[in-house]
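As structure tokens, here come the structures.
One chain, chain A, appears in both complexes that follow, with chain B as partner in the first and chain C in the second.
== the complex of A and B ==
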């Protein structure tokens, strides 16, 4: 029997795995000694923390270093909510006792408290996101590192809230093998759902190439915030479970050492892979327990070994170094061990032709000019890259843009698509003013682009690349994705079928499941155009599509561009140096030099224009 | 004498990119490799330089084997490469980029005179001497990449797609420079998509297909070969 859909297959396998988990838990509970039951519970908690931490570090690719802070926040918020008021007053050593609001802070139920603990952690992540994700780069690592230390210091010094260095002892042991692992399972399923949705793909796209992701209509800031907040939530839940597993809390548990351990777990397992995080956590916890023996005194063949406390962290540090040397991607790498990778695709039937097999498209308006640029200037410091440029693009044309290297053609593209803010002038697209809009605002209006030096998402499959391109046409919300709602399952199914058909039409169907980075150069160029097209644009900006193609491949590309232009009734603005492309398919052609338009007209007119010959074509033979 | 490649194999993991290629590059000549994307042209150059470690076969420079040499040792033996897509150091100045090309050389007087020599060849670079590499235009970056390779004072220069992304006038300029470099007695191995240009400046050509040599011959013969015209020169 063949299963018609990958997602439904996932559902079935998830159910089977759940039953299997219940079986294993029953076995552990009845057949394994209580000590190892405790360790297995701890393993579950580590899995939650690792899966959460991996969401921001691995899947979204943003290096955060402060998971200890979120675990601590979750642990303290949960514990203080569950500790009876009298006990709080009794245990706090500060002469004034805990603050009244700490005494009053109370929740009736462990699970509710866990949730609130997670939310407290998530809230802090959300606050941090506002400043941190305004810029790119390594700020997140530095800020989170600082935050981890701030929280730890507060735990020690805010004695009326946390009871300081003494900590809180005698917490009720609410955490059990069963509730831990059921929450763990829930955490995995929810994160996996998100990972497989258009939102997870958006996060991975940001990891792979932030500019390209933005050009697909993805707001990097939004998705980084989402990943960071969700990550903090699960770390907070893990903290709550950890507190009620150990039944004691003190600030020493939440030092940078915890961050280091979690980092070892996700790197050991495979950054970016959920199954990697799970295996990393399991290996870490059980190995940590097995290695306990090296810290204890032994007598080996008459030789007295005293046992060295702390030796285990040395072993783990070594393990990390060895893994970095020989398997730098961790145990699983970025791949997931999923039913599909285990069984292979032969179990999956070909997707049914989608009801609406054509790509979703953005409606074009009937206007004399689709794009009209007037007086646009862009300066970089003292250099004027584009100077009072005027350009009008008529619908249905393939408009060529040529000019010497450094003439400002790509800068103009970047201004149109929102990567640069123009210093002066107006850009009107279908009567909408684009000035000041970000790329992810502009893509949904109907402009798509490619990049001069191919910018695919190399580790995502060809199919996923195209599906990221369709991001703006998603039909379900984050909640649908997290909860595997029918809308998510059917929406995702439709999107897949549509993308597969689309790839087949373009002759890329055979390659759908290959990583985009593994394609030969010429096909990568084609895929980049395909990805841009999948957003359903009205206007397509192509930046040197024929660069690096040989003459025969260039001919093929020209036919391809012409065919998509007709098929989708596109308007294309195209930068190219290959005069064959310009002469063959473009009309009109505009010529730029030193940021200024120096000529415009039919290819023939432009070719014989003396200014163009002098600045661009040169006197020699042109190939 | 010259550079001889015998039965070279090179792989990226499980993917074999070069499958038994033999080339003969006599001293003072200009040899080109043409072929479709993914034919293994760049991989051949990278394998000669030792940038692909997983390689088999023989690479002989004046009869001396290079197959066990690391890339930096290959450069010291007199072979330099201009990589595809330039790969200049974007945050170093033009001058520092050029000096990096002479990294292993110690005679500062000679380096200084070579610097003058490349500035003579590319006056444009002299104008931009203190500008950061990343702020140069595409054509200037290509010139910088070629000039940087020349700073190693190579006897052999491997050029990977020097015309990529350049305007017609700059393609002509780069090829003018290539011919000048050749007149200085440097042997050239040229990889190009722009097959017409490559066959025009070279003496001998090899056509690669899926990692193997499909055709070889004098460049003028190749440009008249109907198969080559159809598949690589885009003539119908």
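== the complex of A and C ==
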């Protein structure tokens, strides 16, 4: 029997894996010595922290260096929520009260307290995200590292709440092999669900190309914050478990060294892969134990080895350098071992040509002009790239926009699609004013675009690229995705089937599971148009679609553009240098030079316009 | 606060700021050229200080020779670091380079812990007797060492600026920071210039490390971590890639870090967090730092 749905297959395999995990835990509990049971528990905690940390660093691609802050917050919040207030006041070194309200109450249940720990960490992440995501790249790394240090300093100084530098000793050992690994399993399943949802794809799209993701209707800010907050939640839960595993709390546990260890884990496993995080964490924890022997004295073949304390850290630092130099993608790279890769696609039936095989579309309004630009000016410093530009686009046309290099065509595209703010003028799309709107606001209104230099999400599959394109048509919420609700399962299934059908229609069906970056150039061009189209736009902006194509490919592209225009009843605004494309499919054509529109009309009219000839061939007298 | 207190705090602030400035220059130059936050740069302070102490106290070299040899060894360590760990990754994703730098940093720190143990060692023997006293002008007394520190910093900074702004090598450094490819096309040997940049930066870091060690006077394997981070922050405050900005940022940060707790003693517990607060505020207010992104 073939299973019709990848997601249902996933559910079944998840259940089997869960039973397998229970079996393994039972075996560990009964057959393994208590010391290694402890280590296995620690391994589970590291898996949770690694999966959480990987969410922001690997999946969303934001190189944050402050996971220690969230582990610390989670650890403190969980422990303090559990300790009865009298006990807190007794153990605290700080002279008698008044103690803040947080010291006065406590929770009766470990799991509730763990949730509190996770939520406290997540809440702080939410606050931090405001300044953190003002920055990018290296600055983001340093700012998050700073927050790690700030949180630790605050915890040391908040003596009345945390008992300061002394820490708290004698916490109840609530963390067990069983509860740790069941939470670990939960963490993996929930994160994997998110990873495979439209939200996970949005995060990966941001990692691959933030601008292109924004053009697909994804708000980078929102998804980064989501990834950061969820990541903090799991790091916090990991912290709570860690505290009740070690049964002591000490601010020194949460220095940058912890961040370094977690970084080794996710880099060793493979940044961006959940499978990688799990294997990285397991290898790290067990290797750390095995390597303990090099720090202890031994007699080897009559030779006295004294043991070198601290050597393990040297080994891990060396390991990190070696991985980066020789295998920078870690053990798994970005690949995942999922039910589908385990069993192979042969278990999956082809999606039926469902009734809903047509792409979701944004409804067009009946108007004489779909896009009307008046008096738009865009300056960069002293350079006026676009100057008082007027342009009216009639529905159902393929409107060409030509002009010599540097004429301001791409700038105009960027102004229309929201990447640049115009300095003056008005842009009306179906009677909606676009001025000041961000790209991710504009895409849902019905404008999609491609880029002059191909900007696919190279590491995502062809299918995923198209599914990111359909981001604005998602039918389920983050909660649905996190909790594997029926709405998520069926919504995702429909989206997949639809995208596969769509790719088949376009002749890209065979390549659906290939990484987009591995496609030949011509097909990448085509895929970029397909991706833009999958958002169901009314108006499609194509920026030099024929650039770099050979004549045969160009011809094919022209047919493709014409066919999609008819099939989807699109309006297309097209920048092009290739005269065959302009003459073959555009009507009307507008000509820009030095930021100004110099001519407009049918291709024939434009071709014979003296101003146009002068702009292209240079004018005036030869002196 | 008495006048003596005030003057001492000011001297303290200026010498701390100067130390940050020395270290920040190495960060900013390396960042300007290969766009790498060289996390291991701070650990070069530790390398310099340990080398000086080992050569002088254990190998019984003359004092001045130990110092110069320590600078030389640190310099070689930095060049080696670039050769082995950073150069192979020059065209790799920037994140790989950053992760490698974090690895190198921990490698140096944990290596030093294994070799020298984590127990702090006194650096007092390295300070000549005549530097340990106090000077007195009128009513005000201050430690001689502050003066020496500031003098060494000023001389080192002047030498550095001379190299960067008045020599052909310095010109090549500035050119590479602005446009790597084009500078190579002009016939400049990029690898040589990058090595020299690491050499210059690490020498300054080693000088900083020795002065830092004399200030406390104690050394331990993790001694370079915090000054390193703060010097990097100073470089960001000044505008990363900009040498003058790094010096300015260093002094600014040092002065704020001393004077804020001096005037608000209740904040003294947060001293190490102040730098990060300043960093976050600066990045929100002026994302490119005080002296902008112009790489000079």
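Observations, loosely collected:
To be clear about the criterion, the second predicted complex is superposed on the first by the 604 of 623 C-alpha atoms of A that agree within 3 Å, B and C clash if a C-alpha of one lies under 4 Å from a C-alpha of the other, contacts with A are read in each partner's own complex, and residues count from 1 in each chain.
Keep in mind that, in the parts below, a residue touches a chain if its C-beta (ideal position, glycine included) is under 8 Å from a C-beta of that chain, and two chains touch if they have at least 3 such contacts.
Bear in mind the structure is a predicted one, so any value in this text is a computation, not a measurement.
Superposition of the two structures on chain A leads chain B and chain C into a clash. When the two complexes are overlaid on their common chain A, residue A:369 makes contact with neither chain B nor chain C. By the touch criterion defined above, A:550 reaches chain B but does not reach chain C. Contact with chain C, but none with chain B, is seen for A:314 once the two complexes are overlaid on the shared chain.
When the shared chain is aligned, chain C comes close enough to touch A:256, but chain B does not.
Within the superposed three-chain model, A:222 lies out of touch with both chain B and chain C [touch as defined at top].
By the touch criterion defined above, A:286 lies against neither chain B nor chain C after alignment on the C-alpha atoms of chain A. When the two structures are aligned on the shared chain, A:577 is found in touch with chain B, with no touch to chain C.
Within the superposed three-chain model, A:403 lies in touch with chain B and out of touch with chain C [touch as defined at top]. Of the two partner chains placed by superposition, only chain C is touched by A:142; chain B is not.
When both complexes are aligned on chain A, the segment of chain B among 94-102, 112-120 or 130-138 whose C-alpha atoms clash with chain C is 94-102. Within the complex formed with chain A, the residues of chain B that make contact are 15, 34-38, 85, 136-140, 161, 164-173, 193-197, 230-235. Partner chain C is touched in their complex by these residues of chain A: 63, 131, 134-135, 137-139, 141-143, 145-147, 149-150, 153-154, 156-157, 256, 260, 263, 267, 271, 308-311, 313-314, 316-318, 320-321, 324-325, 328. Residue ranges of chain A in contact with chain B, taken from their complex: 402-406, 452-453, 518, 520-523, 544, 547-555, 577, 579-580, 615-618, 620-623. By the touch criterion stated above, chain C contacts chain A in their complex at residues 31, 35, 37, 85, 88-89, 92-100, 102-107, 109-111, 113-114, 117-118, 225, 229, 232-233, 236, 269-270, 272-273, 275-277, 279-280, 283-284, 287.
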